[in-house]
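Lettered A, B and C in written order, each chain numbered from 1.
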Amino acid sequence: MSTSPNIARVARVVAAKDLRIEMRSHIVVQQVLPFAGLVMVMFAFALDNDDVLQRVAGGLVWLATLFSLFIVVQRSYAIETSDGALDALRVAGVDSQGIFLGKSAALFVQLITLEMLLFVLAVVLYQVQLSLAGLVLLVTCVLCATAGLAFVGTLYGGLTAGARGRETLLPLLLLPVVAPVVLSATRATESAFLSGGTVLADGWSWVGVLAVFAALFGIGGLLSFGALIEE
Amino acid sequence: MNSTAVRSVGTPSTRLFGLLAIVCMTWVVVGGLFFTPADLNQGESVRIMYVHVPTAWVAYLAFIVTGVASAMFMFGKRHSLGFDRVAGASAEVGLMFMAITLISGSLWGRLTWGTFWEWDPRLTTTAFLFVTYLGYMAVRGLGGSPQQRARRSAVVAMLAVLEIPLVHFSVVMWRSLHQRASVLSTDGDIKMDGLMLTTLFVGVIGFTCTFAWLVSHRQRVMAMRDILLATQLDSALNERIAEGSQS
Amino acid sequence: MDALSTSIIDLRDVVAVYNGYPALAGASLSVEKGEIVLLQGPNGAGKSTLLRLCAGLLPVERGTAFVLGCNVQNERERIRSRVGLLGHNNGLYADLSIADNISFWASMVGALQSEIDAAMSRMGIDGSLASRSVGNLSAGQKRRCALACLIVRRAELWLLDEPHAGLDAKGRDEIDAILREASQLGATIVVASHEVERAQHLATRNVAVVAGRVQERS
């Protein structure tokens, strides 16, 4: 009889598998990044005011990330359901908590890559300025916010994966839940960019909210993922 | 043997709630519209308070009931589907009360401040609660066996219990930044006299009894629907067995 | 209760439902350790549902179902790591190579490198084929890969849904040999197959599944 691996091992292998698939298929790099970049350009068309754009740049980056989140999560589960791989993992008795952590980790890496590009675009398209202290705040904000988005995306993605008519449910379920992240991340980013007359200190309290969110949904996800992917 | 007379669908508890609801609501309608005084600042529009405040209270009560019932389903030994039905019924009825809260709040704001919407934390959080519960009802409609539907919805409801306070907290933090707007809550500057307070209190009781009455009936309908599904399964089974013996 | 603890599979009047439709309409089946059972029946009879239920993937609507001594209704986790299922799907990742897919599975189930190499070699998917992306393979080659993943699981109970489909004659012979070996090593095997003639000399017992119920044949 073979031995079952522990959660950390499962997580590592699942994350590596997801990232390897992305490296072979280039879906995020070739499809989602251009999409997100175009969304940023569309915002410029819609808002048509350089001062406004500079002020709201933080919010626009996080909105573009949010729209891309739906696509990336659905891709993350499409690879599992197209040939019944997730079912096979369940039959093999693989620890669902490990699957949750692994897929969240892979989603985290993909989102971070996306956000880096979007922030570069924000500097280019919307002419935002960034100081060193602001950079530290921004990096911390991005790490905490992305962790929260990755956990929540993996969790609700697991619920809506597979069955007909379920994928369209993902945005409806996800949007109310990620609202605190969008709100807090935008405020912290605005503080980092020193736009709208905000100070850096305010930004750190918002990062606190992001950290709490990530912790709560990380734990909540670990506890509930197994029940959500069950048939 | 076949009785065609319509049998009453009430039970002692629904009759009690129903009666209390009728009495209290009559008081609220009559008192709220005619006997209570108008407000110094807001004039007659303050009367919307007798609808808006109790329905807001009931909306949050419904949310708590759904959360608690979901937890009792998940962590109870027998995973009794009765708790799941209460959770679902409470969410459905709660959705209706949330809609009333949002609409009445919006109208009140229009009358008092001239705008249909304010980013007031309570109103914003209620709007999020509304959308979250729309999602919950969609998850309940996903199909599958009653046990699976119950387990999925219970998890989603308990995650909502995590999410809503976070939403509220972040919105409160957010609005506190915009000090110039201050707390433009429509009931911020009402001076309540004894009769207004009493009517409001009676309204809360009345709306709560209405909520209990509706939930009680709704969960009974859900139970009957499950029985109907089981009966339909019986006939589907017989059909399938019959088709087997033909071949 | 004694009968329950010794049978590998013990289903009594099991009803399994998909959206109100009773795919299994009162199926009863008992399988002892070491048997190779063949499930025959027309399309839509419920063979696949029966296998998925035994794998712990589906809930039991009515009746009782015990697999490996565990109740399918509430002890599914305990069944799962001991059961291997080859379903309609192959459970593979199209963007990865055969070698990547199998090593992923081996990591998930804790198999050794030597076991992986042996399985790949037996299924004829080692060598240059192993580095090809699964999405570019033929149906038969994907099936072999899925079978190799099943072999490294070393499960106590093997559940196979049309394992011969898409394979050439050599592949089918190889499958039969593997199943016989696994049975000799103590595994219990249930195969659903249309290939009545081929399967008959493999199985120790034939069972027909018709309209969601089980009928024994000799």
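As a working rule, a contact is a pair of C-beta atoms (placed from the backbone, for glycine too) under 8 Å apart; a residue touches a chain by one contact, two chains touch by 3 or more.
Keep in mind that this is a model prediction, so the values were computed, not measured.
A.B. asks: Which contact partners do chain A and chain C have in common?
C.D. replies: B
A.B. asks: Please tell me whether B-C or A-B has the greater number of C-beta pairs in contact.
C.D. replies: Most contacts of the two pairs: A-B.
A.B. asks: Farthest chain from chain B, going by mean C-alpha coordinates, please.
C.D. replies: So the farthest one, by centre of C-alpha atoms, is C.
A.B. asks: So what's the Cα centroid distance for chain A and chain C, whole Å?
C.D. replies: Distance between chain centres: 37 Å.
A.B. asks: Averaged over CA atoms, how far is the centre of chain B from the centre of chain C? Could you give it in whole Å?
C.D. replies: 47
A.B. asks: Could you work out how far the Cα centre of chain A sits from that of chain B, in whole Å?
C.D. replies: A distance of 32 Å separates the two centres.
A.B. asks: Which positions in chain B touch two or more other chains at once?
C.D. replies: Correct list: 143-144, 148.
A.B. asks: Which chain C residues touch at least two other chains?
C.D. replies: 59, in rising order.
A.B. asks: Can you list the residues of chain A that touch 2 or more other chains?
C.D. replies: Residues 231.
A.B. asks: List the residues on chain B that touch chain A in their complex, please.
C.D. replies: 74, 128, 131-132, 134-135, 138-139, 142-144, 148, 151-152, 155-156, 158-159, 162-163, 166-167, 169-171, 173-174, 177
A.B. asks: If we count contacts the way the header does, which residues on chain B are in touch with chain C in the complex?
C.D. replies: Per the stated touch rule, the residues are 143-145, 147-148, 229, 232-233, 236-237, 240-241, 243-245, 247.
A.B. asks: Enumerate the contact residues on chain C facing chain B in the complex.
C.D. replies: 15, 17, 19-22, 25-26, 42, 59, 61, 210-213
A.B. asks: Note which residues of chain A are touching chain B in the complex, please.
C.D. replies: Listed in rising order, the residues are 155, 159, 163, 165-166, 169, 172-173, 175-177, 179-180, 183-184, 187, 202, 205-206, 209, 212-213, 216-217, 220, 224, 227-228, 230-231.
A.B. asks: Tell me, which parts of chain C touch chain A in their complex?
C.D. replies: 55-59, 77, 79-85, 87-96, 100, 104-105, 107-111, 133, 149, 152-154, 156
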